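These are the structures, in structure tokens.
What follows is chain A paired twice: with chain B in the first complex and chain C in the second.
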Partner chain A sequence: MQRTLPFSENRVFVTGNEAVAWAALAAGADIMFGYPITPQNEIMHYWTRLAPAYGKKFLQTEDELSAGFTTIGGVLAGRKAFSATAGPGTVLFQEPVTMAEMMRIPMVVIIQQRGGPSTATVIYSQQEVNLAAFGGNGEGWRVVYSTANHQELYDYTIKAFNVAWTYRFPVFVLGDGYQAKMRESLVMYDPASRGMELAPAEAVVGKPGRPGSSRPAVHLRNAFSVEEELYESIMPGEEEFRSMARRVVEHDEEGTRGAELVIISHGVVSRAAVAAIKRLKEKGIKAGYFRPVTIRPFPEEALQRAVALCPRLLVVESALGQLARLVKEALFNRPVESFDTIFRPGVGITAEELVEAVIKIRQGGTTCV
Partner chain B sequence: MAVKLSELTKQRELLTGGHRLCAGCGASVAVRQVLHAVPKDTSVVTCCPTGCLEVSTTIYPYNAWRTGFIHSAFENAASTMSGVETAYRALKKKGKVSGDFRFVVFGGDGGTYDIGFQALSGMLERGHRVLYVCYNNEAYMNTGIQRSGATQLGTWTTTSPYGEQSFGKGQNRKDLTAIAAAHNIPYVGQAAVHNWRDTFTKAGKALQAEGAAFLNILAPCHRGWRYPMEKTIEISKMATEVCIWPLYEVENGKWRLTYRVRNKKPVRDYLKMQGRFAHLFRPENEGVIEQLQEFTDRQWESLLERCGEKA
Partner chain C sequence: MGIREAYVGEYASGKSEYAINRALSLCGGGEEVTLVDLDLVEPFYTLRPLREELSAVGLTVIARDSRETAGLGETGNIFEPSARFSLLRPGHVVLDVGYGAYGGRVLNLLEGYPHPDLRVFVVVNAARPFTATPEKIVQFVRTFDRVDGLVSNSNLGDDTDLEVIRHGNEIVRAAARALNLPVVAAAADERFRRDLGDGEGLGAPVVYLKRFMHRAFR
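Moving on, here comes the complex of A and B:
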């Protein structure tokens, strides 16, 4: 059985799903619980091939509810367990993930977004923002990383495990079918060789000793007898979520100072935004770019600062305003001069379209429909 | 019910050609054999959960079904059809629909044994007059050949690969036909695509049943099972001859073999026809075939007993 990773700082050319499987291995994941769904299937396929050589495990369940709860079971037993899903599978994951939120159980789920509602399409959309950030009957205590390329899929999958096991909140890595299925080059590395420490996993059940006498008892609650009790549990939880949020919130930004307009996007669409501002610059038009890397917690303060520099906004996404809603909430009561949008639920957005849109807005037009 | 094949071929097909299932796919054969048994002057509503059959027969704007057709999501075809049948009964009672309707679900094994199991059980227990057909290709084919609750021990799939640490799927399949029978519904049958007369007869009885009915039809998939596409029928036949897939029915609680195997062959003969079992013949996987043989024998013996074939 091999124990060490077969690479250190190697440039590879692989699909996003393969990058995720390797990243989970690099992050010290012990077991994957999965259920087939396009476009994440190959994460399972790669993992089942990799796993045995590294003493890792895989279990396929009978549906996504079960995949979510077996993941929780694995975590309670002290293993770094994870799963991957998409679309209708993400819907079914809401019950286990919401329970994990409340019980403060770390868990990592990779979501390769596809089109909705329901079964819909199998490759691409950005329609799982609402679900990832706020799905479930709770307060949305999750961390959601929206990746834009294969390097980020690798980096943030590793980070997801660390954040989950450091702060004990569920973490989603939000990709999409384009990122999942496309091949792209990236550097795969052993986190240890970069001086990264991996947060340890801790068992809740099956520990030696007698709880309450020879060791402290652990009591994770997911049910309350009276409403006041629930309230008293949620309020400190929210405090912890907020204090974690300040430490994990991330965004990416370019050229907002002195810009005529800022393009706001996330995930793979932000690649079009980056390309567009470059092309606009060649035409002598100064546009900025702002991208939340964490969709939840949302980089509100950073966005407010950016908007103070340039109050003309263009929000673009492959969904009908799921990102825009978060943007508006972050900017509540802040003056903006213009707020244009390009909403393309289920379809991709190119740099050319964005260049055209910006030119149109400058000429006094609007992109809103 | 002595039906002639020559007569059946003249019947209008309710699943037409032109769909995009692979050539040699067992699923469409199963569907056509069932739908040929629909009585004349009876309308049919069909429903598929997500899967190869649904995806390949309903590529928009085309639809290969000459029936009312519903694609439900993946886990809930039985629930959807329960709703349709309930509404039909209510409307019929009020005199708002005329004519005779039948409701048939065609679900894959993933959508039936696994994620759709709860919905199926609910439908059978409530006794809706729906025929649920599982076209069983023993894996999740539409998403890339993953193991399911119907996959046999030792089978290679993409989520039960073989190698140093694994000989393929580590568990036996569940016996869904017997589980369906345990719901005490009027009709349950196990069939396979090579025996059209048997499937046709069972479908006829299932459609006549005054309540829920369930058919489990072995429908080989050459992509997932790894055999030449023209061998679908041959392989289906061999599954019955080695008794890994016996043909039987449970009619009002009475178990009956519908095909007596005269000369029971070893499971090996079936396994060696398919690439998904090729690794079991390697020395390092010795013993797995014997385990599968033993499981098959045990199931077969208990079936013979239930069918009163043991004097």
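Moving on, here comes the complex of A and C:
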């Protein structure tokens, strides 16, 4: 059985799903619990191909509810457990994920977004932003990384495990069907070779000794008897979430200073935005780009600073305003000169379309429909 | 009787790219050339967006249009009848078989299979982690029921360089020797034509590929 990773800083050609499976291995994951759904299936397929060689485990459960709760079970037993899902599966995952929020259990779930509502398409979308960030009954105590390419799928999957096990909040890596299926090269690495320390897993159940006498008892609760009891639990939890958020929040930004307009996007669409501002620059038009890398916590302060530099905005997403809602909340009470949008639920957005849109806005038009 | 060839391989090995180019190379000889998309699991991600373009240059392409697909990947799909009977078509037939070793089993569903003229080639990209060493390639190729040869197709997409091609080709050749199979072609993006010339030293006929599939993912 191989114990060490088969690569050291190797450039390889993979699909996004494959990048995630290798990243989970690199992050020290022990077991995946999963239920098949396109477009995440190959995460499971590749993990099951890797598992025997590296002494890892896999269990296919009867549905996503079960996949979520068995993942929690694995974590309580001291294993780094994870799962992956999409679309309607992400809906079912909300119950176990809120349990992880309430009981402060680390958990990693990869979401490869597909079209919605309901079964819709298996292909692509950005319609799971609401679900990923705020889908549970509660306050959205989760971290959501929205990736844009295979290198990021690899890097942020590793990071997701570390953030989850460091701060004990559930972490989603929010990809999509395009990223899942696309093929591109990336550098795979062993985190140790880059000096990254992996946060250790710790068993909650089955520890030696007698709880309450020879060792402290662990009592994780997700049910409370009275209103005040719940309130007294939630408020410190919120404080810890906010404190974690300040350390975890991430964004990417380019050319916002002196820009005529800033394109705001996330995930794979931001690839089109980056390409568009480059092409616009060639045409002598200075456009900036802003991208939340963490959808939750949202980089509110960074966005406010960017908008103070350039108050003309174009929000683009493959959904009907799920990102735009977060942007508006972040900019509440801030002066904005213009707010255009391109909302294309379940459909990709190209750099050419963005170039055209920016030119139209400059000429006094609007992209809003 | 025309050529009957099936291209199989690891997910993202370049099967479809090679199959398209192979089919195009057979065009113009007066015989009908049919390219068949045999990805039953996920027909949405394969030849579908390229069908019109390939048909325009004279290929007969059997691939479902997105609006003709029924089923959603994991729930199964309806097998296109013209694909099922494709081995019996006149002229040359090139099969693009999706989804790895499991996808290879789709050949069992074809009318006329096993076909005496059918040759099955595994397309191998040594820059793919699961086929990165001769041992891994041997292990992978042995998961198929029958294989007549390997196609060496090592690449990193846009990030490919000569070293990736040459080093990958050596790995594939070593695997072929261990498997006692021929390497029937050493494939490379056409942008390497000037560097690789007639492919001397590659140990197999060089085949330059025009890239189509990157557009299927745009």
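What we mean here is this: the second predicted complex is superposed on the first by the 369 of 369 C-alpha atoms of A that agree within 3 Å, B and C clash if a C-alpha of one lies under 4 Å from a C-alpha of the other, contacts with A are read in each partner's own complex, and residues count from 1 in each chain.
Basically, contacts are C-beta pairs under 8 Å (C-beta built on N, C-alpha and C of every residue); 3 or more make two chains touch, one makes a residue touch a chain.
Model, not experiment: these values are computed from the prediction.
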### Query
Thinking of the overlay built on chain A, is A:119 touched by chain B (first), by chain C (second), by both, or by neither?
both
Chosen between chain B and chain C, the partner touching more chain A residues is C
- Does chain B (first) or chain C (second) touch A:63, or do both, or does neither? first
Requested in this report: Applying the touch criterion given at the start, work out whether A:166 contacts chain B, chain C, both or neither, answering first, second, both or neither.
Outcome: neither
Check your understanding: Of the two partner chains, chain B (first) and chain C (second), which one does A:130 touch, if any: first, second, both, or neither?
Key -> neither
> Does chain B (first) or chain C (second) touch A:151, or do both, or does neither?
Replying inline: neither
(message) Tell me the contact category for A:14 with respect to chain B and chain C: first, second, both or neither.
(response) second
**Asked** Counting only touches as set out at the top, which of chain B and chain C does A:22 meet: first, second, both, neither?
**Response** second
| said: Tell me the contact category for A:181 with respect to chain B and chain C: first, second, both or neither. | reply: second
Interface residues of chain A shared by chain B and chain C, listed 36-38, 41-42, 49, 119
As the complex stands, chain B meets chain A at residues 50, 71, 73-75, 110, 114-115, 117, 140, 143-144, 146-147, 149, 158-161, 163-166
Residue positions on chain C within touch of chain A in the complex are 11-12, 42, 44-45, 72-74, 125, 127-130, 132, 155-159, 217-218
Note: in the complex, chain A contacts chain B through residues 34-38, 41-42, 44-45, 48-49, 52-53, 58, 60, 62-63, 88, 92, 118-119
Listed in rising order, the residues of chain A that touch chain C in the complex are 6-7, 11-15, 18, 22, 36-39, 41-42, 46, 49, 119, 121-123, 178, 181-185, 188, 348, 350
